[in-house]
Amino acid sequence: MRWVIRHCLLAILVFASAASGAPSGTLTPPPPELPAPDQFVAKDRPGDSGKAILLTWKDPPSLPAGATFEARRAEPPAYEWTKVADVKAGVQRYVDATAKDGVVYRYELRVHHADLADTLGLAGTIGPAVVSDPVASHDNWIKPERMNSLVACVLFLVLLLGSIGMAGRGTQFFIRRIAGLNAVDEAIGRATELGRKVLYVPGILSPGDIQTVASLAILGHVARATARYGSDLDCPNRDPLTFTSARETVRSAYLAEGRPDLFREEMVNYITYDQFAYVAAVSGRMVRERPAANFLIGHFFAEALILAETGQSTGAIQIAGTADPAQLPFFVAACDYTLIGEELYAAGAYLSREPVLLGSIRGTDLAKAALLLLGLVGIVSATLGHDWAAALLKTQ
Amino acid sequence: MTGLHFDIGRVLLLVCFGIVPLVGIILGFFAPSLRRQLPLIVAFVAGIVPILSLYIPKAFLSAPGQGMSPRLDQYLIIVAGFALPLGVVNVIQLNTRKVGRGEKGWFFSLVLLIGLFVMGSFGVYGAFSGTGIGFLPNGAPTPFQWMTDWLFQPLQSTIFSLLAFFMASAAFRAFRARNVEATILLVAGVLVMAGRVPLFDLLAYPFPPLKPAAASLTQTMGHLTEWIMDGPNSAAQAGIIIGSALGAMAMAIRVILGIERSYLGLGKGD
Amino acid sequence: MSLIDRLFSVDRRWIFLFVMLAVAVPILFPLGLPVTTTGSTRAAFEYIESLHAGDIVWLSYDYGPSSAPENDPMAEAFLRHCFVKDVRVVMCALYPLGGLSLMNASAARVAREFPEKKYGTDYVNLGYKDGPEAVMRRLGENIADAFPTDVNGTPIEGMPIFQGIRTIGQFKVVFTVATGLIGEYWITLVNAQFGTPVIIGPTAVSAPKYYAFLNSGQLKGMLGGMKGAAEYEQLLARAYPAMSEFYHRTRLFTGTKGMDAQTGIHAVIVGFIFLGNVAFLLARRREGRA
Amino acid sequence: MELFGTWIAALLTLAVLSFLYKDNPFFRFAESLFAGVSLGYYVGITLDQTLKPNLFEPLRANFNLNWDLAIAGLLGAFLYMRYVPRIGWVARYGLAIYVAYYIGVEFTRKINGEVLPQMARTILPVRGFDFGGVGAFFTSPAMLALCAIVGTYSVLVYFFFSKEQNAVTRPIARLGVWFLMISFGAAFGFTVMGRVALLIGRLNFLIYNWISPTFGG
């Protein structure tokens, strides 16, 4: 409101002084002129889901210290300007995230200085306003800053699906030996000989975690082996969804081996949702029931070492696997075999030798090779002073 | 605004994850093969939503609160909340059977059931009575909170603290110079352990003249530890992260495409 | 049974006994051993030092009771640092199990030391929200969408501290005191997508994994475990005399206090590893002779 | 109440620690009680902290805006069909959507938050060796860059599965294993600290909250 009064007064004064031709000496000297912002543009913020207008400008060279920029907005045709923001000098951009999609706005930007008294003694001085073209916000189809990630994603899919396709058409792919996995049959065989059971812990997360899905695939193979050998299986769970998934996995494994008679629902059981109560119960079971083989495969946290050490003290063969770098050291220290990182994901393919899965392993390897190549080229180039590769991989 | 909000995102969600499954279930009674195929198709849609949303900021996909991806986020928190009773039912089944038949260890099953029943009742009561499960307006704990503070949390922390002992026993066994790899493990482990704490200051504690030397040795070990953590350790971690992430991405695509389906109890031929 | 065999087959309960003693004795009779500071903690400290009065930061309690002895001292040292520097703090809890009561207790403890700090102006406690990833995504658009009210149910719109603040992108830094995955989400979601710098205070176990993020510039600094907390306390005490006095006289549990016991237990473990290897090498030599 | 609570907490703490000596009825009692209480705890937490604020409250407060949350309720209810004979397959819908969506989210996080940025950080100029002493040499920018590059890439070479290792890749993969071993050893040593912290917390409780006030001293 104040600025309206001030501008009206200013206009009247200017008009009056011009009309009367009064000598300028009768007025107090005008305050130093505030400059107008340069290159002021208002446009839809690119790469967003709408409801935001991006204002950009350049600070004019003659900007006095302490000046700020005042951005205002109006919906044409009615020019009711409302203040949107005060922006410090040097920022040169502002995102108005209060816009409504599809509504046309105009923005104006002007320099504002609170300390320079103006001619009428009203606080604050305001420079000339620059008004933007009409602009409306909308949602966008692309996010320019994620193009690199999108290209990487597409390349990955091409390599992966291409390899899977080749495998589907009969190309045979190789997979190298993975130490821990060769021990699976041996461990289950030993359990059968000793007449003790096999314990399978599928991590403590839900099947929404990818390591759990990988673990369930391995559980399928372990369950088929226990069905073949006729040894007992025990799979205690922390996550209720993993619990239902695991039960179906084991059930279908026993079916696939033609031994549904050996399957009992209690093989896959639920304990509790608490990580440590779970680990206490499983440790208790290890000590009391002395399973001959322990599989600890999936996503683990602190419980990893408690389980692995307790299992070790009971003399069981232990095969562990996780992709979480934080828990790997403990499995490596306390278990007989450990699937490290990516080995966990390759395990399903290794155990089943299914062509399609082997094809996917091949595709992943190709992606890895491509990354290594890009990396090496990038390093040489960076050493020579061209730093494009790291920038290319920068994500937002 | 009155009336139901029908933006594109929600309508698509309703169709894909409400109507299609319902129709699929009805058809599934007549065509058993649909019982297997349709969930995989619906899963495919659910799986590509977040991926598309990463790259396509269109409002119907990605806008907070209304886009398909943020909305599905919201849904699945609820679905996960529905899952817990699946486990609770199993626990009650197993343990009542043990108690009922007087099997070995039935007493402990009884303890478990009492704990579950008491704590669970306080929780259900708190959630629905309006008193909540935390503190009463006068600052006193609800029974739920009291049991949390004096039963649940001490037990949790104590089980967790067992790790201190197991770290020691695992280190004693694993850190032996059996072969090159084990020796590297041993040396790196011992160097870092020595560099993390003022170990030499402790050793020099009874010998005051050695204290300055010990302090400088601690300093050096600290730097060495930092270098190991920052240099080789960090490099290897990056290798594990990149490798695992690629493996996980391939696995994710296999799940989304329905190639990997053992989590549903579906075998290869299904 | 020879000495070597006895060393090999040492009952692990002996190790447990020594571990117990190594922790209990220093708690009863503290030694006061010195602590050296590491680069990642200094980087975190200096980043906060470089902030100005009135800047705003985000403090997220992303841990549960089980890691509280490690994480509490970090969150509190950070909070004290912000308060002595007149930096404004917005707190939230994203850890589901008991994260909220930990935050309330911790915030109350530190606020009691700074009676001049005004709630709603200098700091605010937003309480707990479920689903960390969804929350973080919303923080990038509008904080009020994720946290419409503070922990007491007061709407956050209109609070002085949120004047002109709309998204997480406007914060100078996010300090996540974390166990488990939530800390990583701050890096891969909030830092990667909205650009807010992140400092992390992980438990010692997850600290190694974050070095990779530290090197790639996705993290501004890190307080690794209780040692990190003790280092931060020491840096704080060195820079601010009032803090130095506080850390000397407080009866609260601090990172600094824990370090004596830590040293003892490290000595026990290194000692046992040494014995194990001596036995191993002697046994091998014996086999070689035989 | 507080004194009573302290006693219970202290006795349970001792019961759990007794497991270190050997399995015994006290531990088993604590373990069973813990399993039951913790499950009850999550029943309360899930109702009060998950379903109430995410489902019941939004539906009640603003049905017009949140009507679609009923779909989530439906998917959740499907899960229970597992217990109904003959239509157990209905549960697949809930599970399949849940799993596939989160797996999709993981995919985005892996590519955008892990693969690309972690790769980017290995692309470093190998410049600036410092030969002024051992410490200076190993901490010079060029050495750190080399270490990051060699470590990361050799570990990645170890993770090649679809080719038998040959004369070139075998030594590189072996180097990768060495880097892994350094990392595991270092991370193990680094972690001891955090675990001890928890034990310190427990002993602090026993000594200062229980023994000292109860028995004096």
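Note that the chains are named A, B, C and D in the order they appear, and that numbering of residues resets to 1 at the start of each chain.
As a working rule, a residue touches a chain if its C-beta (ideal position, glycine included) is under 8 Å from a C-beta of that chain, and two chains touch if they have at least 3 such contacts.
Since we're looking at a predicted model, the values are computed, not measured.
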Hey, which pair has more contacts between C-betas, A-B or B-D? B-D
Tell me which chain's centre, taken as the mean of its C-alpha atoms, is farthest from subunit A. C
Subunit A to subunit D: how many Å between their CA centres? 16
Just the number, please: Cα centre separation of subunit B and subunit D in whole Å. 6
Separation of the C-alpha centres, subunit A versus subunit C, in whole Å, is 23
Counting only residues that touch at least 2 other chains, which ones in subunit D make the list? 16, 19-20, 28, 30-32, 34-39, 41-42, 45, 50, 54, 79, 82, 95, 98-99, 101-103, 105-106, 111-115, 117-122, 148-149, 153, 156, 159, 180, 183-188, 190-193, 195-196, 198-199, 201
Please list all residues of subunit C that touch 2 or more other chains. 12, 16, 19, 23, 66-68, 97, 130-131, 133, 141-142, 192, 205, 208-209, 212, 215, 227, 262, 265-266, 269
Numbers and ranges of subunit A residues touching at least 2 other chains: 146, 149, 153, 156, 206-208, 210, 213, 241, 244-245, 271-274, 276-277, 280, 302, 325-326, 328, 330, 332-333, 340-342, 346, 361, 364, 368, 371, 395
Any idea which subunit B residues touch subunit A in the complex? 51, 54-64, 67, 76, 80, 83-88, 90-91, 94, 152, 155-156, 159-160, 162-163, 166-167, 169-171, 173-175, 185, 237, 240-244, 246-255, 259-260, 262-268, 270
Quick check on the complex: what are the subunit A residues that touch subunit D? 146, 148-149, 152-153, 156, 173-176, 178, 206-210, 213, 241, 244-245, 271-274, 276-278, 280-281, 283-284, 287-288, 325-326, 328-330, 332-333, 340-343, 346, 350, 358, 361-362, 364-365, 368-369, 371-372, 374-376, 378-379, 382-383, 385, 387, 389-390, 392-395
Report the residues of subunit A in contact with subunit B in the complex, numbered from low to high. 47-51, 101, 139-143, 146, 149-150, 153, 156-157, 160-161, 164, 206-208, 210-214, 216-217, 219-220, 237, 239-241, 243-245, 247-249, 251-252, 255-256, 266, 269-274, 276-277, 279-280, 302, 305-306, 308-310, 312, 323, 325, 328, 330, 332-334, 340-342, 344-346, 348, 354, 356-357, 360-361, 363-364, 367-368, 371
What part of subunit D is in contact with subunit A in the complex they form? 16, 19, 23, 27-28, 30-32, 34-39, 41-42, 79, 82, 91, 95, 98-99, 101-103, 105-106, 111-113, 115-117, 119-127, 149, 153, 156-157, 159-165, 180, 183-185, 187-188, 191
Going by the contact rule at the top, pick out the subunit B residues touching subunit C in the complex. 64-65, 70, 73-74, 77, 134, 145, 148, 153, 156-157, 160, 164-165, 167-169, 171-173, 175-178, 186, 189-190, 193-194, 196-199, 201-203, 205, 215, 218-219, 222, 225-226, 229-230, 233-234, 237-238, 241
